Structures are given as C-alpha cells and as structure tokens.
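Below, each structure is written out as structure tokens.
What follows is chain A paired twice: with chain B in the first complex and chain C in the second.
Right, the complex of A and B next:
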C-alpha cells in the first residue's frame, strides 16, 4: 500500500503533512490496551459500583422514569441496519430509517394533537431552548416568559441558550401553598403569568404536568398568554408546553389547549435510564411553524417508477444547506432513540396508552393518599397528579432519604437539592411507573413512615 | 445486480410497497398487557377532572407483537448499514462499532442507573466519566473536559458561548467569529445561534487557510476562529502555528472542530497546536454507533483560561473525602462527585447548562470501552491505518481512466479523507457527482459525502476509515473506474441509477413543495 502511495513508511506519511513542531513524539499518556474480556470485566466492575433501579425500590423521577422497556425494543435497536448507518443522506438505501422517522412524526403529532413534528432533537431541556429560538425567528421579540413549573434543568438550559441568541428570560412563580390547601397552590400563578407577558414577549413556557407533578390548567395558561399580549398590543407570544408524552393518553393534548409548540423529554417512551442519556427530545408545532422547525424532517414522495418513498425534506432550513441562516445548528439528533419511541408507542397501542395512564393515575392517587397519612408527611400541593407528586416532610429530607436507602428504598428526589429554592426545603418528589405496584407503595409507606418518625425522634431529642 | 433492469422488471426488494405501522393491524389488536389495577378504584373526577382529560385518545397503531417485529425487521431490510458494507461518508468517520460496547452499555448497573441517583451510589458511573474526561483531555492536549454536550453541534455551541463569555469577562464585546469556507455547516449555524456574526475565510491554493485573508480579517472584534484540522479537504493546515499566533495575537480564541480527530490521535494534539477549545464527536472517532442519525455525544476540552466558563456539572474527584454529610453522616466517603462550579476553577463562571442531567452517559460507556480496548498505541494505530487507507484509496483513484475525470481537488497526499472534483466528469461524460453516487449504490457501496465542501465543484468527499481492508478499497476503486468506463459508452445508465435498491430515485422537489410529513389517519 505504501508503494502505491509512493511513500517509504507510515511515519513519512505523517511527517510530510504534520509540521514537526506540533507533532506528538512522546505518544499519549494513556493505559495500555486490553483484550475484550478484560474490558468487559472492568466495565462490569464499574457497573457493580452503581445502585441501579434493579437493586433498590426506586421512586426517583424528575424527568427520567423507570418504565419497563419491552424486550423487542432491545432487539430492534441492536439490529445492525438501525444501529450502524448514519443520517439518511442517500434515501434509496435508507427507506427503513426514513419511514421510521415518518412514523415517529405521525405518532408525535397524534400524541400532541399538533400537525407538525420533526424527527427528534437531543432531549427535553434543550428542546425547550430550541423552542425559544423558533419563537425568536417567528416574531423577533426579546422576552421569554417561563413558569417556575418547568424542570429546573429546562429553565437553566433555556437561560444558557437565550443568553446566546440575545433574549431575556423572566420566571413566573407557582402559587405557594397558603396553609393546608391554597386554591391554585402548586400551579403557575395565573395573575403573575398574565402580568409578565407583554407586547415584547416572544414566547411563554409552561410544563404539563409541572415539575412538582401538578396538572396545570393548560387552556387557561394559553388563553391568558394570548389575552395578555393582545391587551399589550402586538401579536400573541408563541405558547410552548413542555409535556410528558406518557401522560398524553389521559391528559388533554397540548394542541387542544391552545398550545403552539409542544416539546418534551422522550425517555419515558421505550428508552432506558442510562444515567441521563441518550434519549430523545420531541418537538411538535402548529402548521405555521413548519419552515422554522429545527432538525430533520422526513417527508413522503414517490420514486421515478411511482413507488411510495420517503426523503429528508425541507432541508433548506438546515445547517448543511443554509449555514449561518439555518433555523438551528442541530445536525446529529437521536434517530435510534426516536425509533425506540415509536416502537414503544406501537407496542402500547391506542388502548394501552390510555390504560397505562389510568393505572398511573390510580396508583399515584393511592400513593399520595397513603403517604400523606403518615405523621410528618403532607402534600406540597393538592392539584391533580398523574404519575408524580410532591410531598413536604417536617424533618431533614436528606437524612430521611439516607435512612430509607439503608432499607433498600429510594423514596424520591430531595427537591431542594435540585432546585435550590428556599420554598422547596422539606420537599420530596415521588414518581411512579407501572413497575411500582401497590405492594411497593405500601413498602415505601412503611419505610418512609419509620424514617420520618426516627428523624422526628432525633430532632425532639 | 449491477445490470440495468429491463423494461418494467422489478427486483424482489422493489415489489413491496411502503405501508406504515399505522396502516397495519386491526381495531382491538394489541401487544401490551397492562398490569392489573391493584389499588382501590377512585372516582374519575377526583383523579383527573373531566375538563383536563383527553376525550379522543391518540390514534396510535393497533398491532400485535409479531406484527411489530415483522414490520420493523422489514423496514430494517430497507436500510444500508455499516455492518453490511463500505460506508466512506466523508467527515462522518464510519468506523466499525464493536459489539462489546453494546453489551457493556446494557449492563443494568449502567443502563438502569437513574441520573439523579445520589453520587455516593453512582460511584462506578462517575469514575467512568472521570476516567473518560482524563483520557479525552490527554488526547486533546488540554487540561479540562466537560462531557455534557449532546452532540458535536452542541459542543460547538458550548465553545462559542464560552469564547464569548471569556471576552465578556474581560470587558470586551467581540462580535465576529471567523470560519473557513471549508467548514462544516454547523460552524456558521452555531455562530448565529450564539448571537455572533460569521465572517468567512478563504482557502489558499494548498487547501489550507489563506493566511493573508486571515491577517486582513483578524482584528479586535474577532472572538474566535473555528477550525477543523485536518480540514474537510483532508488537509492538515501547514500554517497552523502561524494561524494560532495571528489569532492569539488579536486576543481571540482558537476553536477545534473535532469531526476529523480520527486522523491525528496520538500523532498531534489540538492543545499543542494552540487550540483553546476542542469538541469531540464520540460517534465518530470513538465508535458510538451512528444510529441512523444519532445519538451522538460532543464532549469539550479547554485550556486553563477557558475552564471557568465550562458548562456544568463537571465530574470531580474529591480528596481525601468530602466533609460530614448531615446528622447521621453515613456515606461520607464519596470519591467522585458532580460539581456545579465553585468560587474559582473550572465551571466557576459557567455558561450554564446545555441540557438535562449529565450528558449522554450511554455514549460515554461505549467511548470509554473503546479507549480502554485500544490504549495509547491502539489509538495511534487507528489513526495511522485511517490515513494509510485514505492515501491508498486516493492513489488508486489517481490511476489513468479515473483521475482525468475525478481529480483530487487540493494537495497531493491527504490525512484521513480526501476530496475529488467531479467537474471534469460532468463536463466530458455528462455525469454529475450525484449520478456517480447513485450508480455506486448498485455496486453495494454507500457513496461518499457529495457536494461538500462547497468550494469544490461537484465534490466527492471520501473517508474510508481504518476499518476497511485493502480488498474493500480495491473493490471500491474498481467500481468507480467501471462506472466511468460504462458512462463513456452510455451515460444514461448512471443517470438513471440506481436499479437495485428498494426504491429508485425519489422526487425530492415534490416532497418539499407539498410536504406530507405524517400518515393520514382515519
């Protein structure tokens, strides 16, 4: 091969191209390579030092959820034909992947009741930030109004991106519980929401359900956003909802609530926890935003013989064509994870997504009733919840969690540790999936009850 | 297989007409069995008031498990993939994906680990991330790494935002980012997203940056130069030291787009070239499977002066041990932890988060397994073989009968990839680069990247990677020669190609004109 190239050695091939001053003569300071079985052993040892959702009874959620991933998804995701190609730049040999995108878009449009979906973005919080950029391109205004009910990572990500594209982020608080049972407590403060939205508001964001598990009045928020802007003269802001797709079998769809853009974290749909990724972000919108969508979109067409086929379409939005005028810088997104998503939705099916939603509703209700009956435990809010709810403990949450951990139970998230909000001190966010049965909930109640009692004892002493 | 089909003759793969999963199944058919309702039934209105409820459930498919399997396995057979054949897609580094990586990533300790698990109870994952940060820092020749970005394009965004934050911290509002006209489209798109302005740099006759143009445009308003080295022409910029000196001389930062890192691992390091910021594509150089268009992962490495601006969280090692942790202070022996930026040091003036949680950990597991499998010498060998393969294939394509139609656009040797111009082919054989690409499909090859970089007429960008054998490279070179010979006799054969794929050329214009982007449902 060297002779064909006309060089004497591999070294010469490099020396003729890389200036000596920037060459690396010493070599990399990395460990020696290892045979496959040794690498397996090392990675297995690292895995063994993690406590996975298989090794404890876990009620952790807050954005990622331990839903059951059906075995057929593992099989399909490991198929070479899905695992190892890249973006379908050559449609004639990529019909499988392109049709998967088309089916995925159909499923997301159905879930959200919005006519336009792309083929995925990275994940949830950056999808929120991408919606902000769409709004900027749409109306050129400067302010982004955000409910504090968005996931803290979503708000943080939006702030990072918005600083980049030159927009201001204004946070609207939730109604704080007034005594035992404030009316709107746990939901976005509708008055503050309306007051924050002015004629220079580009988009208004809320989460459904919100970070604390509360189901928001989505129609009221959308309507208020549009009314507030019309009062302040000028076009209405783009109303963006961050949705949890698994709830959309029972919860009114964003497209039916006046929402313009629905974004969300897709992990719950057939993707494993993976310590936070990869998963996928869903991104759906009203028709008028089609040409401002970020990312890949698959479209239907025909070949020269009239056969139905699929291609990447509307590529003039994208970075590889439009460069600095593109609607987004995204290139590689999450095709394989979106495949898992559409396979999962097909597996659940038209009835299953409703049944699953009803099961989660019933068990979550039972769990909230059972846990708030414990001494020292109350509900942080009393809004309807679907699969996650916030509790308030009258003792140190971290200490309680440690006591539970010793019993093999992870009771949920220490809310204050994630949000840093003073009002979240004592907050515990408890999430269910269909993998947590009544027996599991009862066990959580026993362990949490004992842990809280023990902490109260410590405090009293 | 490569003979043009006769009139009306369909090959078996073309007989099946596309039907989506939504067009299959029957009412009531299903795969999912819902777990039993094991709690007391509460009143529906109590659970969720009617006005918040969905009236019409989403019209998802109604199919059985065997139907799902047949449908998607059937679709998979309508895809070409790296495990089936040569995939020389330039700047995408389609290298083999070892199956060990899938096995270790699927271990429940990795795959079923919740991202908000307490650090004390995720020590294996954090140690893996720590080790990966260290390895990437060494490969880049830069001291600090954040694994957070979701893909290369998000790594670029992090880079430009950090660069901007760095200047702002010095009281400077620099507005301009320089990008060569050979750059990936993500570079200029990222600059706009980050609120700055793109100024293009010209390419010189040797295929590197036009240094005179750089000198003319390098001023006090320049925040950053984004550079891929070797660039998308496969050329290692011979003036890199001078370029770095000019950029640093005006106080700007130098950004390394890591898409082409596979050319230089163990041979040269961006940090040693003077780069301040580097992004890696774990799905290119480090074997995260491309997945049909993701997932990717785009960690970044930075110099000391940029480190305060890194996105957080960062993985840190606390030594000796973190101080007591509450009244019952159990588990005070955390070694590895997530750090959100302290008073000073990395992340202390962070640009913030770019996404949820801790990055694409599943990709980290695979990249880490790859680095530990190969080690220092193996990574160096991988780059050597990638460069050897590219130059060998280039030499084969310089043969008479090919080079007069498809000349090398720039340079003589190349690094891991090279760019041919199809201009002469188009003029003398009436064959466009697109035609050649489509005809290659009939020979069982994925075509190279086409029509990029933009400055090359009818560009073909070819990156064979270290995965390929000499036999494969020879077969590809032979196919190109054969297509050119065939076209000299009858260009229509290639102009109407492909013939052997599940569908033939598709009408992309119609697709964009009246977009149909979802299945119509009854």
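Right, the complex of A and C next:
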C-alpha cells in the first residue's frame, strides 16, 4: 500500500500529512514496559486501595445509591439473549429484547404519570441535557433556566450540551440562610425562578428531591414557570423535573404536578454502584413531545396473524433525519442496565415501592434527628426530606470524613468539594438506603459525633 | 399508489414542492409536495405543520414530513405567511401519498412577493429535471 501511494514508510506518510507543529517533539512520558505478571501484581495492589460499599458503613449518595440488588437481577442480566447492546432493528429475531424495552417504558410511564417513556438514555445528567434539546426542538427558544437544586453534574452536562445547541443556561439559586424567608431555605427561590423565566425561555428545570435532599414544591414551580412566560410572546417553557425514581413511591408523580418531561438517574433501580457506572437515564414526557424524544421507543403491535408483538417505533426520528434535527441516540448499551431497572421495579411491585419509600422516610427522619442532636452538627436546611439530607458541620468536612474513614464509616458527601459554592462550606450530604439499619445510623452518630468533637478540639487548641 | 403526474396548472420548486396560485387571488397560494417527493419518501406517517401566521421564505424549510423511511424538511417554493394548514393530515397523513395535489395539500399562504413565481418551473421543466 505504501508503494502504491508513493511513500517509503508509515512515518513518512504521517510526516507528509500532519503539520510538524502539531506533532510530538519528544516521546510520550511513559514508564518502561513490564512483564504481564508484574502488571497484574501492580494492578492488584492499586485495586486493593479501593474501598467498596461492602467494606465500610457508607452513607454516601448524591445521585448513586447503595440499594440492595436481588440475585434475580443478576440471573436475568446474565442471560445471553439480553447481552447484546445492539438496537433490535429486526423484530422477527428480537422479540425478547423489544418486550423488555416495552415493559420498561410501561413501568417508567406509570411511575412518572407521563404517557410516553423511551427505552432509556445514557445516564441521569445526559437525560437532563437531552431534555434541553427536546425543548429547543419544540419551541426554538434559546434560554434554559435551571434551579441550583439540580445535581451539579447535571448542570455541568447541560452547560456543555447547551453550548453546542447555541443556548444559554441561567441558574436560579436556592433560598439561602434561615432569615426572613427561613421557611423556604433549601428550596428553589420561587421569586428568582419566576423572574428568570421569560418569553425567550425554552425550558425550566428543577430536581425533586433536590440535590440537598429537600422536597421541592413541584406544583408551585411548574405553575410559576408557565405563568411567568404567559404574558410574553409564544408558548410556555417546557417544565423538566429531574426525579429520583426511588422516591416516586411516596412523592406525587411529576405528571400530576404540571411537569412536561421527567428525567432521572436510573442507577438506584437494580444497578449496583459499580464505580459510578454504567447505569441508565430515564426519560418520560407528555404525548405532545413524543416525536422529540431522544433514544429508542418500542411499540406494541400485532403481526400478520394477529398475535401480539413488539417493534421499534419512530426510529426515523433517531436515524433517518437531518443531523441538526435528529434526536439523541446515545442509548444503545444502556438496555441491559434498563433491564435491571424494570426487573427491580417488578420485584418491588406496586406495594413494594411505596413500602420502600416509607421505610426510607422513617430512617432518614431518624438519622436527621439523631445527627442534628450532636454538638457542632446542625441541619443545612429544614425542608422535608425522603432519603437524603444535608447537614452543616462547624468544622472542616474533609478532616471529619478522614477521621470517620479510619473508623470504617463514610458519613456522606463533602458538598462544598463538589459544588464549590461558598454557602455549601461545612455541608455534609447524608444518604440512606434500606441497607442502612437503625443500628448503623447509631454507629454513624457515634463516629461522626466523635470526629466532629475531635476536630473542634483541634481548632480550639 | 397513484401513477406519476405533474399537473400543468402548478408551479414547481426544484426541492420537489408545488404551488398552486388561484388566478382570482394572485397573492395567495396553496403548497404541497410533488408526486416524486412522496414516492421517494414512501408511506407518510406524520406531517409536522407550521403554525398559522408563520412566515415562509422561498427556499427555506417550513415543515417536516415523516415517512417510514425518513424525516424530511419541506421547502417553501414561495415566500409568505401561513393562512391555513391542512388539519385533516393530522389524522390522515397518507393523503400526501394518495392525492399529493388534492387532499394532500399542506398549507395555504399569503404571498409576500408574488414575483418570486418567476423563479419556479412549469410542469414540463420540472418533469424534465427529474430526468423523465
């Protein structure tokens, strides 16, 4: 081939095609190679430095949660029929995979009280960003108004995508200190929310519960978003809620709160922490947005003999369309994770998801009461919470976390370290799952109380 | 499916759109896609109409037609403002296949620049452009 194109070597080919200025002048700064056996040993040593959620008592959440995953899920996920990530374009050989997608969509639709669900997207933050794109396709406006109560990763992802969409992101703060407006502290500032939404607003996003664990007044936020734009030219913004599916057993469904599009991280449904992924994103909407939905949708039909069957539907919107009008198709490999999600929901059942929510509510309440009774520990906000809540420590959170880690306890997320917001300094985000018992909470209280006391002693000294 | 036809009373845009200008109302036109366009698309399943009042620019997309094969832009053969939309297409988009110049019309517009019609082709020129 080199002879046919008239160059002497691969190196010469590169030199003739790539400007010298962009080439590397020196070799890559990499260590010498190692024998395979030594590499294995090295990697084993690195891996041993990880601490898994099973090796410590973990109250870390902030988007990914350590729920129990029943053996049933592993059994079904490991069936080879489900392992292929490829889109089942040939329904005649893909009925099992298509039915899983259809059942998954049905479950998400029921959970969110929104009539259409896709068969999942990549993960939570990209589902948020995809909702922004749906809004752009829907109304062509260029402003995205986002509550600061969204997960910081979601806001960052939305900003990244919005740049490409030619849209701007406007962040609305939460009500801060418990001053005059103390009742609202920890929730999205409704006045600022209404003020930020204008006739040029394409979509308005809030999280339920929000990143700080607070339950938002979803109906008020939806209504305010629609009212704020009503005097202005054109249509109301698309109201997007980022939901935690686990809480939907006890919270009013987004579809009943005026929400147009519900998105969320699906990991908590039957997927383990797995070092942060892979997982899946859920995406459900009102029927008017059906043709703007990202990803794949399986539909139910009948074959020529009248038997029930399943096919991909609306796939032209994803694949056979001008690029700038296409919906996202970053979804293919998530079908397996979404399978875990639908198996988990089926395993819990209609009663189970309510019972789980009530259990989390009771444990979270107990944990919040117990921990805020400790010296140097107070609630960052006093809003209702379901499975996660924010504390405020009067000492350095990172130092407290290190002390707790030495006792085998992960007390939760250092909020400021993730958000960088000054108002979050001292913030600790504590998450509960059904795997954390009352005894575990008491142990956290002992360890956290001792760690805070020790840090206060250091500061005083 | 009907046989290929390009009625002589219509004007044609190279992006396979037609315009019918009523001699009684020379500042208004009915727009649609040609037999060739619907044949290339295949079975139409959805027509995404513009809102009444939308401004159309000659040569620019103003609507979408979705078939089982693809989603395509519909290009405005003339500039103007949408006066009416064929609502019957929301329940029966197959009219675009079955009767592209009749029941399958897309929108009626008030023309902002009737002189633009001079840039359009007649049936024989359009037919010839298809290589037929």
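Assume the second predicted complex is superposed on the first by the 399 of 461 C-alpha atoms of A that agree within 3 Å, B and C clash if a C-alpha of one lies under 4 Å from a C-alpha of the other, contacts with A are read in each partner's own complex, and residues count from 1 in each chain.
Here, contacts are C-beta pairs under 8 Å (C-beta built on N, C-alpha and C of every residue); 3 or more make two chains touch, one makes a residue touch a chain.
These numbers were taken from a predicted model, which means no experiment stands behind them.
Applying the stated contact rule after C-alpha superposition, one finds that A:195 touches neither chain B nor chain C. Applying the stated contact rule after C-alpha superposition, one finds that A:321 touches each of chain B and chain C. When the two complexes are overlaid, the chain among chain B and chain C that reaches more residues of chain A is B.
Using the contact criterion defined above for the overlaid structures, shared-chain residue A:32 touches chain B, although it does not reach chain C. Shared contact residues of chain A with chain B and chain C: 316, 320-322, 325. Chain A contributes residues 291, 316-317, 320-322, 325 to its touches with chain C in the complex.
The touching residues of chain C, when paired with chain A in their complex, are 46, 48, 64, 66-71, 73.
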